[in-house]
Each structure stands twice: as C-alpha cells, then as structure tokens.
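Chains here go by letter, A, B, C, D and E, matching the order in which they are written, and residues are numbered from 1 within each.
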C-alpha cells in the first residue's frame, strides 16, 4: 500500500516534469522577465535544484502536509484543495450511498425477477454521459420544478446536502450500472448454487433464503466493485461539478490542467490514488468478514 | 404399512426437448424401507427425488401424482409444500461441499432451521444441533459448531448435511448420490450412519446411486431407471441374481467383478439417450441386443409384474425363459 | 427603460429582414426603493488574486471596483471625475501633481495619507511585484510625496494617457501599512485587501465565494452602499449561470451568455462599453502582409452574421477600433469627426476575392489561434476561417489552452506561427489613444509589429498635446491610417450586458464596472 | 535382466508442509501394466503428473528405458510417456475437431502419413468419421475419452498413464472404454500405469498394483494376490469397502476407525 | 443455368454459418447490431453523405429548425447538424477504437505473458497492474492533456494505458484458469512448445471473452472521451465531435433549439448501449458455454 503510493508519487512527480516546456514559463504567464527575475523565480520554486532533491523535498513536504504553492492561485496547494475538499467528499459520499443503495437494490430486484428489464434500464442509464444527465437533471428538477438548487455548494450541512442531491444523482445514474450488474450476476450465481436449493428444500422461507443465503453470499463481488468505483467517482466529480457550477476538487483539477498548475494537479492525482488505495485496503480487510474462505487462504 | 412416498404416473416434460425428462414414473417408499433408484447419468434420478420436495425444473409441465406423507405435492400450495419440507421429507445431496453455505458457520447452518422453522430458542437449537452432530458420528460436536465448511473434509461435511436433514425430524430421507463424491471407505461410513438412522428412527430412505452393487447391498428394493422411465423394479436379491430387463443385465455385465472369474466385459453398446433425442417405443431399443424391429420401436412397454419383479420390456417373458434356459445349460 | 430585444424578435434571429434584432442601451436601471441585506452576484471565474497590480481581468476587477478606489473615478457615462485625488495639475508635460482627499478612511479605520498613495503607485514600478500595469508606468520616472496630502509623479516622457489611467487599476490606493504587513499574502484569500471603497473585504472562501460588507465610514455619501453585503459566487459554466439566474439563486451578473438574452429577456440590460471585437493580425510578414489581403479578409467576413449568431444580435458592426463612447472626453465636433467618414468594408465576398487575388493570394496557409472560451469565440473564429477560405487562403484553426491564449497577448514567442487571433479589446480609459497606442511601432501590445511612420508621428503628436481638440485631431489622423492598413480587423462593438434579478435595481450598466463601485448603487426594487 | 520400461526410484513430492508422495519406487516391465490404488489425496495424481513431467519431483528419479526422463528433450519426453486425464470434458481442446487434434500431434512429431494414421488411431479406439469431424462438444463422455486415448497413442509412447481415466464415465460406457484399453494393451504391448480408486477396474486391466496411503506405498504385488490375500490393514479396508452381497458398512466403519486410531 | 449456380462451397458454408449465427441472436442484440452498423457506415462514409461541410458555418442560417435544407437543423454557428453528426461520428468512434485496440492488444499480451510465466514475473506484473488500477481512465486522460495538450491523441493513448490493466487482468485470470485445464496440460505432454501453446491455443481460447470485454470497454471509452470533450480538454472545435457538439450547443438548448445538443447525446447513448448489449450478449454466451462444457 505504502509502496503503491510511493511509486505513484514518483510517477506523478516525474511525469509532470517531463511535460514539454519550462514550468517557469507557466509561472511568469508569458511575461518577459529579466534573467534576475527568472533566477529568483527558479530559486523560489526550487527549480534550480537537481531532480532527486526536488522530489525528496516534495515528498517530505507532503508528509508534513505541505504540497507546495499553486501557480495559478496565490495560495498553498493544501489550502486550495482543503477548502474544496469537504464539498467534493460530501458529493462522493452521497453518491456512494446512492450508488450502493440503488445499485444493490436494483440488482436484487433484477436477480429475483425474470427478464432483463433492470439490466436494460441501468445499461441505458450508464450510457448517458454524466454531463448530459447533469444538464437534464438541472433543467428539469432545478429550473423547471425548482426542487433543488442548480448551482453552488450551499452552506450548512442540510443546505449542502440539498445542493448535492442532483449532482449525486447524475453520478449515480452513471456509476450505478456496474454495481447493479455485479449484484445481479452475483445473486443469480448464488441463486443457482446447490446450497440455496438445500436450504429451500429444508423449508426456509424465500425471504430468509434470499436474505441470509443469497444476498449475504453475493456481497463479496459487490463490495469489491464498489471499492474499485471510488477513484473513478472522485474524478468524475470533475464533470458534474463543472456542469453544476460547483467548485470542488474535480472542477479544480480541470481548471488547474487548463492553467498548467502542476502542483495542484499533482496533489489531486495523489489524492485520488491515495483514496483508491485506502478504500481498497479497507475492502481487503473487510472481505474476510464477508467470505471466511479468504481468511484461510 | 404406511406409504411415505407414492409417485404415480409422473411425467415431467419441457418444451423444446425430444423426450420428457420423466416419463410415467411410478415409485413408492414405505415406512422404514430403503429403496434404491439406479440408473446412468441423465436418466432422471435426481429430478424424480426432487419432485418429492416439490422442486420441479423451472418451466416444466408436470402430470401425475406425487404423494408425500399423505400430501399431494404436484400443484400443492406453499403451505402444504412447507409442511412436507419441514416435517416429512428431507434431502441429502451429492456434493456436500456445494450444499453447505460456505460463508456461515456449521452452527449457524444447523440451528437456522431449528430456530426459524421449529421456533426453538437459541440454546435449545444449539443443544439439538450438538446432539445431531453426535448422532451422525462427528468426533467433536462443540468445536464443529464453530467451524466453517472449508475447515471440514468431504466425509465430515456429508455428515453435517445428514444432520441438517435430520433437523426436520423427517420420516423420509431422500439421498441423492450421497457418497459419489466420497472415498469408498468413507462411503461405507455414510452408509453405516444411514443404516443406523433407518433402524433407530424408522426412516424411509430413497437412495439414488448409479452403483448397482451398492444399491443391492444396502436397500430392500431397487428401481432401475433409463431415459426417464422405470425399466425394472425388484427386491435387491432378485435384481442381482435374476435381472429381468436387458438393460439391468447390461449394467451388471458392465461392471468388472472384484472376485471370481474375470470374463471380458460385455458392455451395452451405444450411449444413453440424450434429452434431445425423440423416442418411439422402448427407449432402450437402440442399445438392446434383443430388439425386435417393428415391435420394440413401435410400442412403449409398461411395467409388468414378472415374479417378484416388475419389468418394462415387451419381450420380458421370452427373455426370462431364455436366460433361465441359459442358466440351465 | 432599455431592455433586451423581446423574445419575439430574438427567436427570429437570422430570419428578420435585415437579419438583426433590436436592442437598446440602458443608462440607469432605476432608483432603488430601499436598502438590502444582501445580494448574490455571479462571476464566470474565481479571481486568482485581489492584488490590484495583478488585476487585469473581469473577475478581479469587478470585485475590486467596489473595494478599492483610484485617484480618479471613471463614471458610468465614461467620463472621469475626482476620486481619491480632489485635484490634479500638470505644471509641465512631464509632471503630474495630485492633491489627495482629506479625511478618507481605510476599511481598518486608519486615515489615507500621501504615503499610502506613494507606496501604492510605486508597486507598479517594482519588478519584484511584477505588476501587470508596468507598461502603463513605462514613462514614469519617480513618484514622491510633496506634502502631507500631495503626491507628485515625474515622467520620463510626456504621456497624456497617464492621467486617465489613474482612474483605473494603475491608480489604485491601498494602505501602505497593510502592504507592508501582508507582504506576499496581500490580496489572497486569507488577507484580502484594505482600501477605501464603499465595500470592505469580508471573506473569501476559495472555490466558493467572496463576500464584501458595507463600509459605513465611506467618504462619499452619494455612493454609500445600499446593500449590507454582496456575495460573489464563481460559476464557470454559462448554462449553469443562466439557470441560477432563472431560479433566483443568483441575483445578477455581468456578461450574460448571449444565447440566453431571449430567455432572461426583461431582466437583461445593455450598457455603454469601450469593447470592440477585433481580429488581431499577429503576423504582418506572412500571407496577410499585404494590406489589400487584410481589407479583403475584412470584406469577406460576415460581421452581421457573427453578431446575430454569436451575440444574440446585440452589437454593431464596427468601422473603427474604438467605440463612439471613447470620444466622450473630446469636444463635440471632434467626436463627430472621429466617428464618421471612416473607411468601411461592407460584406462582399466577390469583391473581396477579386481584391485578394489581385494581391497574390493563392491558397497560403494562415493559422488562426483560438481557445474554447465561449460560443462567441468559436463562432467568430470559424467565421474568420470561412472568410479566409472565401478569399483563397487556407485557414488552419489552432486551438490552445486558455493560458496559452493569454500568453499570446504577453509573449512574442507564443505568437510565433500564429497569423490571427481574436480579442475583445476594451480600453480602460475614455480615450481612443489607449487603443491606438497598441499600434505604435515597438509598442508592448503591437502584436503584429505593425510599423507605419505616418501613424507613429500622428500618434506621438496626439500623446504629446495637452489641448483636447488638437489631440483629437491628431488621433483622427492616426485612426484613418490604422483603418486603411488594418493591422487589426475591427469586427463589432459589443455593449456590456448585465442581468438584474427581480429583487434588485439601481445599477448603471456600463463598462466602467471594472473600476467604478457599481455594487454600491444596487438596492431593492 | 533387461532394463525395465519404467524405473522409478525414491520419488518424493511435498506441497508446503503437505507430503503428497514420499519415497515411491516401482518398475514397470515392457508390456506391463501397473495399477496405482488409493483413496482421495493419497498421491495418485501427483505421481502421475511427475511421470509425465508436469510436476518436478523434489527427489528421486524416473528412468524410461534406462534414460532419465528429466534429461529428455520435449519431444523425446512426449514419446516416452503420455497421459489420459480423468475428466473427458476438460481434457480435449474445445476448439479443435478430433481429427484436427490428432493431426496436431502427428504434425508436431513429424509423422510421415498423418491422414492414414489418424484413421488408424480412430479405428483403434472405435471412433468413426462422424466423431472425427466433431468437436468435443458434439461427443458423449465416452467418445471424448476414446479420443483422448487416441491422442495419447498418436505419439506412440512407451508408457501410457491413465489418471482415473474411466471414473467419470457411466458404467456401460466405462466398460466400453475398458475393453478398448484392454485391446490396445494386447495389440501394442504398451506399458500402462493405471491410476484408480476402483479395485475392480484395476483388476480388470492390470497385472500388478501398488496401494498408496497418504503418499506412502503400503502394499504392492500381483493384483490377484493382493485382492485375495491382502497383507496391510489398509488394503483390507479398501477391499472390504467395496459393496457386495452381505456387505456390512458398520463393520467397515469400525475397521476404518481402528486404522485411523492406529496411525 | 448451371453455370450461374456454380458456387464456392467454402464461401457458401461460411455464409451459411454467419446466417445461422445471426439467426441465433436475440432481437435486442439484432437491433443493436443494426444500429451500430448504421452509425459505423455513417461515420465511414461521412464525407460522401454529408450534405454540407460540417466545419462550414453559415451565419445567416443559425439555429434553424428541422427543414428540407437542413434535415436536422443547424447549431448556433450555422453548422448543419446532420453533417456534423456524421463527421463527428468519425472522431467520436475513432478515439474509442484506438483506445480499445491498443489496450486489448497490449493488455492481452501482458496478461498472457504474466499468467503463462507465473511465479515472480506474474507477481510483479500483478503489482504493477494494481498500481495502474488506482488511476481512473479519465484522470489519466486529464493528466495527459496537462502534459501534452488538448486534442484526441494524448487522451487516447492515456486512456488506452488506463484500460490496459482491465484487459490484462482479465486475460491473466482467464489464462491462469485455462492453463490449469487438462487440455492445456495435454499440449505440454504432447511436446508442444510453450510459445505455441500460449499464442496458438491459449490466446484463441480466451480471445472471444477478451473481445466481448473490449466491446464493452469501447462504450466506456466513448463516454470518457465525450466527457473530456465536454470539459473542453478533448477534441477541439471546429473538428466535429459528439461530446464537443453537446458542449458547444448548450447555448442552443437555452434558445430552444436543442437538436444539435440532444442528437449527439442520443447517438452516444445509442452506441454505448449497443456495444454494451452486444458485448454482454457474447460475454454471457461464452460464460454459458463455459458453464455447459
């Protein structure tokens, strides 16, 4: 886990400095500074040091919570991201809840029903680009019906949650399909297993069988795939945040890319990867509770 | 004598198949009786046993009658089915590893029906589970209750499955090849347990197997099945000593003996009838050495009584004479 | 009151007889009924800093305009009047003496002195600060305090526009103490600014909003704010902005997306502006080197079509690089002379093609740089490309990032290989010279390195003359030359647009919103 | 004494802490047929896999016609030993027809007249043209197993290893395949190592047998002697476990328990 | 006439095979296949089918509703929507195609190699793939844009890299699974070389499943690239592209002429649904065949 992060940090750091062009050029924004000024800027941002030293400084800085200075915004990367993180986390959290609740719910429904109606539904849902979903949701439920705010993140938890509903739904429509599919497939697979027939033939009620033997056993892949979704979800906030005029980490990533604000881009990439690693480590830890066979292996 | 399982004229058919899965099957198990159902793969043994619990293949059309402990299960309501399943008949499956929920502890598995169906308290259920594990010869029941299925060997798990079936305190035990996945030595143990249960509890047993020797050695009566039909039904001793149906004879001639002279095997030619193949007349006709064209492929034989046995062969009478003649010679 | 064209006429865009829609400019949206607790205003991007030396774009400037003041004030009618300086003198062409207003309080309660002015102006000269207005200070030699409330600026060369810039960001005055105390953090989200305007900086939540609160000790009673608070929110996506207007989540905003004029109809207002959409010819030695090719290109450009398609029909085909309002400080006769009788290039593809062929056009490639900023930019760029191919050139559209696009305006290296790019050029002062300075040989913003001796001498004459009439005449001469040579192609005049929700009123729509405390005038409807 | 066809000495294989095979030695004379008997997990498959080189022994040596198998080249090793696996449904390539599968082997081993040889092989295992043109999906279990046997024979190996090759088949089909194997043995004189848990089947096909128990050989000898006069209690248990008239499972269970307690 | 009926038996049987295969498809799959073929043909033959130059904006005919001259109307820039849809299909489909081709080929090779070699090589490759998994495709694409600028090229390569581990892991597990099958062991026993078995026998065995997965991936890649265009980081105007069209036409939606935004969105949905349905269908069929075997 730590190794993954270390490798990633190195990749991210080195790749961004492989970018064509001198980072100083981005810093001075095309102004034509004197050589003295240039040297000052180079020194200030540490470009005059050799690559390993720079990497080491960056790495140790990060461990102390210092992610460097943003080129674009006159503030530290930590504060730039920190101020946007809560709303993004709330969005991701709410989406995750919706995705899991509705994805698993639909998956169960689809598994217990004959026919592939549910699958078709979620397939079409997933095929709708999230930005299109966002635009449609906003114009219908925000503008036309006025049920939800159309822009911004709100203030105070209740208000923030209210602001997050439509963006979260837009993300859910896109990401739910995978969870639904996996749940359905996993449930169907379990349903076809002999142990289910055993408990059924023993006279346990259908609901008990479904709950305690089918769903419970089908949970493993669902948890795994939910864990895998998380990083994609984090990045996709870029789309719905842009579409909903929210200033979160996702939209920050896009503007930072637009402005070649590498320190911010690096930090966000690492954030995404770290989240992925942490979430999946948690999944790995939880998994044996779901499937004791893994514990033995 | 009380009839626990009484199947009469059961036909299970599915659209798109050449022949019915089960065709006019009749079979009975009485109180305390051990009956074997023998046949090759795909002949319909499992389907027959499942019908006793109201488990019909999805989408199948079913006709005939299956009476279990006095309840007709063909077209039975959920209540009746539940009653049959929870207090009359239980089933043991071939592969114990596939039959136990792998993510639950053995204790959980065993006490679940006791608490949810029989309505026992947790302590009562646990006590009963311990007792049942003891009854099927598990060495250390308290420890096994805490174990997960993957921590037990196949033989041990099959005992757990038997204990599970016993939680219903059934009068009829349907055993679908309970030892096929196990070693021969373990097979003997499982058979010993089943025999004991039969003796102690007066259980009726329907044992499904494709091992005719096993069937004959532990059961009172044997049904031989082929392509969804019962070919011959006879007391064990009669079946092995005087097999009356050519198919039964073929089966006996196919298994090499462990002792005595070792002639070249006389296998039945061809392969068992697939579900896609349509039949007219006797389903065994295509593989039968005694087939009479125009007769066997035209008329479907029904079970007829010949001595102690019932045989479904149009030429049964002549063939029996023939073999007896052979025997004399 | 002037309003956006009714939805009826708008929906017929491209369908009505002359292909354009009617619109009117509004000078004043009305007198507010009373005070407000708060209103919310949208900006299309988050300012990167509120430091006035870095404020060169709409987002920071429209916020700062309400917080920080300059020595002079730029009014909604685009005239200038005293601001933090009560009076100024020009004892010789190279000296400006400013008398500073007494009793003006900074937001922290301290009082404005000449030291604050000197410190503030001097920052524009400090290379470490790297002020974006350094070019406007290129002629400044020295700034000094010549009395407790007097500041003198010594120039290296006469510069008639310097005074006018004192009405814009270059003339901003900040507390010297604050500048010293905040250092590098000055103007950032944590520290904000400490100025003298009708609103004081209250908070800045990066990524979310900037909040200003009313400054009760403001020196000018006529511009005392009606609202206790203004909240600026950053909404990048144009459609999201429009939706926010529609739902009332946001009360107003400058720069309304043109596509939504019809939908927001009664609440969209248009005001005076100094903005002209121009296509800058950044390579005068390439295929566009011959003035006839440039004339042909302008003639082949469907400028009315551009206005209708890209700007909702709101705008006028431009015959000049400056708007008529730019002449507002000139005597009436000169204003008339400066805005009429200019060379014009009516849309005529055939004539254009003939002219281009005569000038030797034969399919040379021209590179048009663009950035996907908004629909307008895309439409104009494509229309220009279309015009290029219509006259026989081979257009190639090079789409670059917003930042690189910005660099076109500042970095000669970035312009390499680029023949044309679009700008919405606004002058920060009411003087055509502000624009034409860009065409002087060697000027900082002379992007195509245009050089014409006659133009230069006319321009220099204008800059050096302090008599308004003489200056205007010299400017006209320069203008004539520029409009014949066409180093920049004027496309159209674009009025400012603003949305005011049903809750608020009192705004005077004008381009001066970049420097004038417009938010103070907004009150309840 | 001529060199035996197969000479195995001191074969050992351990998986982690699990001893699968321990110190296994045997010889197979030319034309001989050896049964490997034992219950599940006794190390039969492991032995078979080591014989065909799919598993590397931890210790011990396998000589085929006096040559160490480990040193042989790929093709030479193939010519030395071939195998027929237990599951006829998994041991044939589902994408190739039977003819193509046979042809494949013959081409690899540069057989001069492949078409004729294919027909000959098919004939040997009792398959016809229809089966030859079919893919495994279109064949019954017995037919597949015959095809697998034909494929193994195609290389003309010295030794044929059969790992539970008939256990998965129905009795009637099993008998057909057993007869095919008996015929092949008689006609080609190929050496056979027959792995099975079914003593009766081993008796039908083999002259000699080894009884494996937990990786160790507990008894060996001529099959008839082994069956009529078993020396080892485990062998006795194994034999008495086979159902027969008058069979008493209870007695066998006790016997088994006694054996387990002893070990 | 006999001369006219001489037919190529091989070809005929092959055609017959295809016809039989088509006949076995369910209706939804057939509809999806037809839609996909139509869209594909439209994209391939776009230059011949377009009634107008898709990059040619007619400023006197902006936001025209459906009409005889402009079947599907025009957008805010006066571009013919029908022509743009056709031409946009090229970029919109070519990008994902590139992603899928690259990721499939490399993923298959890596996965095959990894599973076939096993041991530490497999473990190492597994770790590397794990690291790659942490990078969502969209993030990698955005990163590529940051490094190499906007457009189609960099994001396609980046996304191909991001998709690669999915294919690789799939191939790896399929191969590892298939490798344990006795028939593969049989090939080894027969003396076939490892390379032969891996490339000629294992790869074709897992191939169809990979293809099914890649088909589904195509849909994801299409969505990702469209999102990138929407964010303004992908294909740049005037190059026609569905995602860019949706982005560009938001203003048109406000003006009540939503066709130029709605239609590309519909096409995106149609193509993604179609490839998903087809991919899943074949995936399911293969899985079913597997289960039966």
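The definition used in the following text is that contacts are C-beta pairs under 8 Å (C-beta built on N, C-alpha and C of every residue); 3 or more make two chains touch, one makes a residue touch a chain.
For each chain, UniProt lists the protein as follows: A, E = ABC transporter permease; B, D = ABC transporter ATP-binding protein.
Note that the structure is predicted; figures quoted are calculated from it, not measured.
From subunit C, count the fewest steps through touching chains until subunit E (ABC transporter permease) is reached.
Steps on the shortest route: 1.
Need the graph distance between subunit B and subunit E (ABC transporter permease) over the touch network, please.
The fewest touching-chain steps linking subunit B to subunit E (ABC transporter permease) number 2.
Go through the assembly and pull out the chains touching subunit C as well as subunit D.
Under the touch definition, subunit C and subunit D have E as mutual neighbours.
Could you tell me which pair, A-E or D-E, is linked by more C-beta pairs in contact?
Greater number of contacting C-beta pairs: A-E.
Per the centroid of Cα atoms for each chain, what is the distance between subunit A (ABC transporter permease) and subunit C, given in Å?
Going by mean C-alpha positions, subunit A (ABC transporter permease) sits 40 Å from subunit C.
Find the geometric centre of each of subunit A (ABC transporter permease) and subunit B from their Cα atoms only, then give the gap between the two centres in Å, rounded to an integer.
Between these chains, centre-to-centre, one finds 54 Å.
Taking each chain's centre as the mean position of its Cα atoms, how many Å separate subunit B from subunit C?
The answer is 92 Å.
So what's the Cα centroid distance for subunit B and subunit D, whole Å?
Chain centres of subunit B and subunit D, defined by C-alpha means, are spaced 31 Å apart.
Among the residues of subunit D, pick out those that touch two or more other chains and give their numbers.
In subunit D, nothing touches at least two other chains.
In subunit A (ABC transporter permease), what residues contact two or more other chains?
135, 139, 242, 258, 260
Please list each pair of chains that are touching.
Listed by label, chains in contact pair as A-B, A-C, A-E, B-D, C-E, D-E.
In the complex, go through subunit C and note every residue touching subunit E (ABC transporter permease).
Checking each residue of subunit C against subunit E (ABC transporter permease) gives 11, 13-14, 19, 237-239, 242, 257-260, 262-263, 302, 304-306, 308-310, 372, 375, 378-379, 381-383, 385-386, 397, 399-401.
Of all residues in subunit D, which touch subunit B in the complex?
Within the complex, subunit D touches subunit B at residues 39-40, 140-143, 170-176, 178-179, 182, 197, 199-201, 203-204, 227-228, 237-239, 241-247, 249-250, 252-253, 256.
Taking the touch rule as given, give the residues of subunit D at its contact with subunit E (ABC transporter permease) in the complex, in rising order.
Those in contact with subunit E (ABC transporter permease) are residues 52-54, 74-75, 77-79, 81-83, 85-87, 89-95, 104-105, 108-109, 137, 148, 151, 155.
Can you name the residues of subunit A (ABC transporter permease) that touch subunit B in the complex?
Counting only subunit A (ABC transporter permease), the residues touching subunit B are 193-195, 197-205, 208, 212-213, 216-217, 290-293, 296.
What residues on subunit C touch subunit A (ABC transporter permease), complex-wise?
46, 48-49, 51, 54, 127-128, 130, 185, 187-190, 205-208, 233-237, 239-241, 243-244, 246-247, 249-250, 401-403, 406-412, 414
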